[in-house]
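Below you'll find a set of structures to go through.
Look at the two complexes coming up: chain A is in both, with chain B in one and chain C in the other.
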Partner chain A sequence: MIEVLPANPEKLAERLGEPGWLKEARKGAAAVFKAVPWPDRKTEPWRYAAGRLKNVPFDLPLALPKERSLSRDALPAVVRKRLADADLAGFLVFLGPDLVYAELAPELEEKGVVLTSLHQALRSHPELVEANLYKAIPARQKGNAEDKIPALAAALWTYGAFVYVPAGVEVEKPLAAFFVSEAEELEVSRTLILLDDHARLAYAEEHLSESEGEAVHVGMTELILRPGARLVHANVQTKNRASHHLYRQRALLEKDAALKDLAVNLGARFALSEVGSELLGPGADSEMLGVYFAAGDQHHDHYTLQHHVAPHARSDVYYKGVAKDEGTIVYQGLIKLEPGAQKTDAYQTNRNLLLSRKARVESVPQLEIAANDVRCSHGSSIAPIDEEQLFYLETRGIPRPSAENLLVAAFLEDVLGRVPLENLAHHVARVIEEKVRV
Partner chain B sequence: MPEDLKHIADDYRWGFRDEIEPEIALKGLTPETVKKISEAKGEPAWMTEFRLKALETFFKLPWPKWGPDLSELEKKLDEFYYYVKPPAKGPAESWDEVPEEIKKTYERLGIPEAEQKVLAGVGAQYDSEVVYHKVKEELERQGVIFVSIEEGLKEYEELFKKYFAKLVPPTDNKFAALNSAVWSGGSFVYVPPGVEVEVPLQAYFRVNTAGFGQFERTLIIVDEGAKVHYIEGCTAPLYTTEALHTGVIEIYVHKNAHSRYTTIQNWPTNMYNLVTQRAVVEEGGYHMWLDGNLGSKVTMKYPSTILKGRGARSEVLSIAFAKTGQHLDTGAKLIHQAEDTSGRIVSKSISKGEGRASYRGLVKVSPRADRAKANVECDALLIDPESKTDTYPYMEIENETAQIGHEATVSRLADDQIFYLETRGLSEDEAAALIVRGFLEPVTKELPLEFAVELNRLIELEMEGSVG
Partner chain C sequence: MANRLEIQDLWVSHEGKTILKGVNLVLPLGEVHALMGPNGAGKSTLGKVIAGDPNYQVEKGRILLDGEDITELTPDERARKGLFLAFQYPVEVPGVQVANFLRLALKERLGQEPPIAEFYARLKEAIELLDWDESVLSRYLNEGFSGGEKKKNEILQLLVLRPRYAILDETDSGLDIDALKVVARGVNSMRGPEFAALVITHYQRLLNYIVPDVVHVMMDGRVVKTGGPELALELEKRGYDWLKAEVAGA
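Right, the complex of A and B next:
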């Protein structure tokens, strides 16, 4: 674990040609990084991840943009394969820290939709970026161990996506960003997605790797939903088994805004995903779905936050995990209702399926409720695959591995079925099938 | 909290007043205090050593960074009396000096006068003494040991030493360390193999106890195939000005033995109640914790069962009622260490006014515990808009064959339910009390009858004027 940042944030800001406010923000984040300790077993959302965190090589050199670009045909094979099944209105491809390819349907461009790199947006839409960056995940946090990694990310990010949908614009087909990790680098990214009043968008970010090398990725995604905006957002991680993937996402939902979010972790050796929604206006609605599958010695750790500040809002978390071999799956989540968050409906469900003796699962669904006229509940369950169901399928002539596969697919079906990104859901289902079999 | 109870907690000054000098009163937490406690009790050297080491451990261990705010307690730690040996006669208070409000509360709870006097600390326990002697004769005939913890150490040192602090060592947590250093009072119970104790053993039957211990230490050993139910505390408010209670309860449930530990606390609302309760259950054994928390300013209590032997079972039923000024952080732990072990936790909490009730629990299944089963159910009822509730259930599962479930709900006292009951002729208060009683019923039905009756009356009192 590193004690000093691997790069000087001020020099970084200069090198990347950033405005003064951003340089200051990076400086502030660096101060937080310096001041707070690394998370350990006592840091609540890191309770089970702290051990794995120790093995993350944060001392790899920081990935700096090299101004590369590629033609569509020369894109990494993993991306081309994904593009073949996807029906997208536009997408970005990042190879390491470089935005190597971008395309967006011209009619969307005409309507003022923006899909580009965050650094490009700093030049083309400086006010929008300044007003919204670090809003959902502040550069200067309150200053405890939980903030160590967000501080590192705020100080050192060198690339990421920027998406903007103007007021009233509805983007029909999904947009996407593919982040292809390279080996032996510390990759720090930041994504800002901004939906103006009553805008609509479906967007998927996919994290992949091209090689088998060890890489560290720290990614922060900020989602800003202005009143009445509706966003479908997916974050799908299918990286190689040598990767370390640390991801945090916060959404700010104003009045009547709606988010449907899907977090998927299938790859990486160690993946930590923290996904939160702040329900700031009445009528806001946040549905957070999660699917994860740890095999081999993988560790998939999830944290969700449903923070109800406003009354009359709704949130629902539905996370399902599978573990086999010596895989570890962790779910921790918190429903937090502030005083005054009356008439809230908030639910949280975590279901876990264990496929082998050495697999391990931790589940900690939490409630902190400070309002009384509310409907809140949570549930969690952990169970092995049902032997009777397996036996039944075997009696119908289905060999055991296929039967297992069917039952896992059935177990995850109701989450994936709730995602209105059909192609993506199919892709995820296929990767899972592969994992059950191998 | 109804006015009459609040006054008692705030105003009533009980305990040792200047004109009644206790024989020994030790203030401040120092090795000298600890040595003197041990000396006053005439303990063997190993126990003095144990206490002194525990005190060191207490100072070394950090204050918990989670849960309720203990910063005030930390500041006034040296102001407490850690040992008070009453004069031989006992505090010569008279029943007439007990404030009218308390008497009224007792009357409304329907507690017999003799028992009222015991609770208020002024009664020689005339009636219960008679009962006790009968119980005692019967117990002795069966070979059951039921004595004060001090007597246990003195009379049964070998047995005592074999079990004492093995389940909850001083290093377990800061307050277990504190208790280990200054413990005083509590029970020592041994039930021989195959013996079934018919009547519940109640702490207040034991006349030789020096009141209700602030640092009580209880050790219960239920030998193979034996059966016992131990009851501690009571639903009626207890009066003391001391603001710190840290108990340690250790229970050993041997093969095929059956045990129950029922405790209801209703400490005044200036009390920090920090208790470690743990049971270990061997093959085929069963243990139930029934835990009710009504009083105190802060409670931190998580009765735990270690399911050590194959087929061991445990249930934890818990009730918390938090009113303004109270933070009750309670829960349960089930540690599955063997095959076919099973457990169930049912937690019901009510928050009223600005009260805060938190459930904090752990279900842990170790790799050996094939086919472990556990089910956790936590329900919270919120009475007022300012009421708070939290749920922090930890599940750590390292065995594929485990079947674990957790469900929690949060609901409010529903207007339509109250309205419905009003249309059937109930007053608003009666309706609210009825709903609350119904909510608690899955736990209260397991209580001994007299406890259940008292608890229900208490809830009626608490719910008066709480709606509308």
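Right, the complex of A and C next:
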């Protein structure tokens, strides 16, 4: 772990041609980074991941844009493979910190939909970016150890996506961004997705790697849903087993806004996903789904936050994890209700399936409720794969790996079935099947 | 020896307790044998051990399938060689649809993906024979099935997978007379020179519909008597006590 940032944030802002307010924000974040300690076991949500954090090579050189671009045919093979079975209205491809390819259906462009890099948006839509960046994940946090990595991310991000859907515009087919990690660099990204009043969008962010080298990625995603906006959002991580992947997502949901979110971790050696929704307006609805599968010595750590500020809002977390070999899966979640959050419906469920005795699992759901007229529930379960079911399937000629695969698919079916991105759900199911079999 | 399932001096224990104590039994292809005996005799254990249940330890003896020693094979390897066990208590598998499960099992049984038309032809034929409805195919395997439906589902699998040797463990228990007839019709449709069944039952009743060639009686972990169909009738009339006395006296 490092005590000094690997780049000077002010010089970085100048090099990237950023406006003054952003330079100031980076400076502020750098001050927080300097002031707070690294997370340890006592830091939420690092209880189980602090040990892994020690092995993350934050001292790798910061990934700086090199202004590369590629033709569609020359895109990394992992991306071309994904494009072959996706039906998208537009997508971005990042190779390391470079936006190397972008495409958006012309009719969406005409309606004012924006799909580009955050730096491009700083030039094309400066007021939108200034008004919304760092709104869901502030550059200057409170100043606890849990802010160390968000502060690093706010000070040093060098790339990321910007998506904007104007008021009343409904984007029918999904949009996507593919982030292809490169080895031996510290990659710091930031994504801002902004849906104006009653806008509609489905968007998937995929994190992949092309080589087998070690890489560190710190990514922050901010989702801003104005009144009545509806967003389907997925974050799918299938990186190589040498990667470290630290991800935080916060959504701000105003009145009657609806988010359907899916967090998937299948790759990387160590992945930590923190996904939170702030329910700021009555009628807001946040459904948060999660699927993860740790094999070998992988560690997949998940944290969810359902923060109810407004009354009459609903949130539902449903996370399912699978572990085999010596994999570690962790779920921690908090339902937090402010005093004004009367008539809240908030649910939280975490279920875990273990394919080996050596796999490790933690499941810690939590409630913190300051309102009385609410409906809240939480539940968690941990179970080994059912040997009787396996035997039954095997007696029908189905070999054990296939039988395990059937049972894992059956276990995850209800989560993946709730994802309104069918192609993506199939892709996730296929990657899981490969993992069960090897 | 080819063309038979043969159990030779089989000793089996479970968590240190000996359950099977030297079972000998020969089931030639083309025949249907009944296996009867009081509760706790070890009939289900024998069925599960033949199928390869890892919960039981084979202490001694062999299981030969068409002359090949299968005692050390995994359950799926045995099944692919043509063995089938209809469970006394079929297992519920939520999230796995009957049709998907059958297609996968048939693929493994045939060693290749079955042509879709052939697969559906087999399904349709089996469902009709069982007086069933195609809606069962989209249900989750045994989940929420009544006792009778679970038994019927075992026979559905038998009909689709077409094994060479089938062990039916109390497939009749809990069935009313109509369901019993349906199950018997399913099993009888499989009868022929390339099929053999070991029908485990408590009651003579089933044997009115599936008439066995040979009847074995098991007591306390051993096959103690083997005879023709008339043996089942005699057991029905006189119970097991006379046999117990006969075994003890011998």
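The rule is simple: the second predicted complex is superposed on the first by the 438 of 438 C-alpha atoms of A that agree within 3 Å, B and C clash if a C-alpha of one lies under 4 Å from a C-alpha of the other, contacts with A are read in each partner's own complex, and residues count from 1 in each chain.
As a convention for this text, a residue touches a chain if its C-beta (ideal position, glycine included) is under 8 Å from a C-beta of that chain, and two chains touch if they have at least 3 such contacts.
In this text, all values refer to a predicted model and were calculated from it rather than measured experimentally.
Student: What is the contact status of A:Gln342 with respect to chain B (first) and chain C (second): first, second, both, or neither?
Tutor: After superposing on A, A:Gln342 lies in contact with chain B but is clear of chain C.
Student: Counting only touches as set out at the top, which of chain B and chain C does A:Leu354 meet: first, second, both, neither?
Tutor: It touches chain B, and chain C stays clear.
Student: Once chain A of both complexes is superposed, is A:Glu388 in touch with chain B (first), chain C (second), both, or neither?
Tutor: second
Student: Who does A:Arg396 touch here: chain B (first), chain C (second), both, or neither?
Tutor: Touch partner of A:Arg396: chain C, not chain B.
Student: Is A:Ala74 touching anything from chain B or chain C once the two structures are fitted on A? First, second, both or neither.
Tutor: After superposition on chain A, A:Ala74 lies in contact with neither partner.
Student: Answer with first, second, both or neither: which of chain B and chain C does A:Ser377 touch in the superposed model?
Tutor: Touch status of A:Ser377: first partner only.
Student: Taking the superposition as given, does A:Ala409 touch the first partner, chain B, the second, chain C, both, or neither?
Tutor: It touches chain C, and chain B stays clear.
Student: Show me the chain A residues, by the header's touch rule, that chain B contacts in one structure and chain C contacts in the other.
Tutor: none
Student: Which residues of chain A touch chain C in the complex?
Tutor: Result: residues 387-389, 391-400, 402-403, 406-407, 409-411, 413-414 of chain A touch chain C.
Student: Within the complex, which stretch of chain A touches chain B?
Tutor: Going through chain A, the ones touching chain B are 42, 44, 339, 342, 352, 354-384.
Student: If you look only at chain B, which of its residues touch chain A in the complex?
Tutor: Chain B residues touching chain A: 65-66, 351, 367, 380, 382-413.
Student: Within their complex, state which residues of chain C touch chain A.
Tutor: So the residues of chain C touching chain A come out as 51-54, 74-76, 78-80, 84-85, 87, 90-96, 100-101, 104-105, 108-109, 140, 157, 161.
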